[in-house]
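Below: a set of structures, written as structure tokens.
Here subunit A shows up in two complexes: once beside subunit B, once beside subunit C.
Entry: the complex of A and B
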């Protein structure tokens, strides 16, 4: 195995002005590593939707990226309210976004669905009152 | 077809990215829900929207859009202009509705 690439990015709740900051950076990193466009685009979408969810619903969190010989591993963790019904949250169109969030064009209830769509393996766990954890694997 | 051609044909006003109008327009996408645009739009698309706040810029950068057209005379926020200029994304404005401008762009793309 070649030397792995590991990165951790902090994401702050309510910082809508920073939405996209991590995904744009990750896209550049993956491009430099030589990941094909079609693959890095999926990673960028998954991270974008994840960071927007932290900004929208959580207090703060992190997005970590690990690139191995075969996979792009994305790990998203936040400290926040968590999700009680994951199945419902995954449904297209389900959203608890408030008016402020909707006014900016978020809250279509598509983010998690998009993330799953962009993943080869998608795992999600959450604890009420503690936070949410997404594990996204994309094949290189 | 490049962005400059659209600007000329449709009388769009250029709010920033005037030096990047050589970008190729390969298609278009209309939408105001950002996660829908993230999922559905393609690289090279010109994005038609009424959203004027700065979050549209990251979406366009990630999706590699050729430009953004704000409809119904919406003016971009100053942060939006600042970011789009940094990123070299043409930000264009029209008085027309999303329906009308998308129809005209479609006609130019598929004559």
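Entry: the complex of A and C
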């Protein structure tokens, strides 16, 4: 039995006022589908951090959600500066966030690490000057 | 401790959720960085923070915080309180600083969501 749960959410750069909106929506969607709390929490955290990164560093992007019988697939793509050194960006505490971003409570350098920690499979690729692509798989 | 007892202990104003004061609280997490809350907060805990923007409410909703306790006498802007009403998350404000607030709660039996960080592997947001 395949259920067709597919959603695409646009995310605009610099719209800090909107940060977390997609995540809160996704949480409600997953709850309705009957995903257990502990699992939908991981999805919500991964999406939240991804949204904030697009808002903080990219021009614009999308967060896509696909729910299959076995998995929650989250695909995050943005158009932006990209990340030159992915390994460094993944390190806990590494952040290039400016004072404006920090004043809002972001810039701990924990986001990508949190995303990886919430994923069963985490893949990341980036091209300098073009953008960044995250593929997050969470088992249901 | 109930939210009501916490409010009394800290002489806190109840800004949102006056009808939820019977909620039982056992754990708390203090932070001014939102990613740290996402990494460490446990469901049912209260978030103690000096931030006041609407993000604190969305984060609280994501990690299932039972309430938000704002320190240093700050009163969140209307948009933050409106979102808290909408998502049904109590918001309290105390004039005590973060250190005092955390210390008083700890002395009253509230414990942290995690005690210390053992290593990257120990961070499991469940």
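By definition in this document, the second predicted complex is superposed on the first by the 140 of 140 C-alpha atoms of A that agree within 3 Å, B and C clash if a C-alpha of one lies under 4 Å from a C-alpha of the other, contacts with A are read in each partner's own complex, and residues count from 1 in each chain.
Criterion: contacts are C-beta pairs under 8 Å (C-beta built on N, C-alpha and C of every residue); 3 or more make two chains touch, one makes a residue touch a chain.
Everything quoted here is computed from the prediction, not taken from an experiment.
Novice: Quick one: subunit B and subunit C on subunit A, clash or fit?
Specialist: When both complexes are placed onto subunit A, subunit B and subunit C end up clashing with one another.
Novice: Give one of first, second, both or neither to describe whether A:110 is in contact with subunit B, with subunit C, with both, or with none.
Specialist: both
Novice: Look at A:57 in the shared chain and tell me whether it touches subunit B only, subunit C only, both, or neither; answer first, second, both or neither.
Specialist: neither
Novice: If we overlay the two complexes on their shared chain A, which of subunit B and subunit C does A:42 touch? Say first, second, both or neither.
Specialist: A:42 contacts subunit C only, not subunit B.
Novice: With both complexes overlaid on chain A, does A:122 touch subunit B (first), subunit C (second), both or neither?
Specialist: Neither: A:122 stays clear of subunit B and subunit C.
Novice: If you count the residues of subunit A that each partner touches, which comes out higher, subunit B or subunit C?
Specialist: C
Novice: Scan A:17 for contacts with subunit B and subunit C and give back first, second, both or neither.
Specialist: Touch status of A:17: both partners.
Novice: Counting contacts the way the document defines them, which residues of subunit A are shared by the two interfaces, the one with subunit B and the one with subunit C?
Specialist: Residues 16-17, 19-21, 23-24, 27, 37, 41, 44-45, 48-49, 52, 104-108, 110-111, 114, 117 of subunit A touch both subunit B and subunit C.
Novice: Touching subunit A in the complex: which residues of subunit C?
Specialist: 32-36, 38-39, 43, 49, 51, 53-56, 58-59, 61-64, 87, 120, 123-126
Novice: Would you pull the subunit A residues touching subunit C in the complex into a rising list?
Specialist: Per the stated touch rule, the residues are 16-17, 19-21, 23-24, 27, 37-38, 41-42, 44-45, 48-49, 52, 92, 104-111, 113-114, 117-118.
Novice: In their shared complex, at which residues does subunit A touch subunit B?
Specialist: The touching residues are 16-17, 19-21, 23-24, 27, 37, 41, 44-45, 48-49, 52, 104-108, 110-111, 114, 117.
Novice: Taking the touch rule as given, give the residues of subunit B at its contact with subunit A in the complex, in rising order.
Specialist: 32-36, 38-39, 43, 49, 51, 53-59, 61-62, 79
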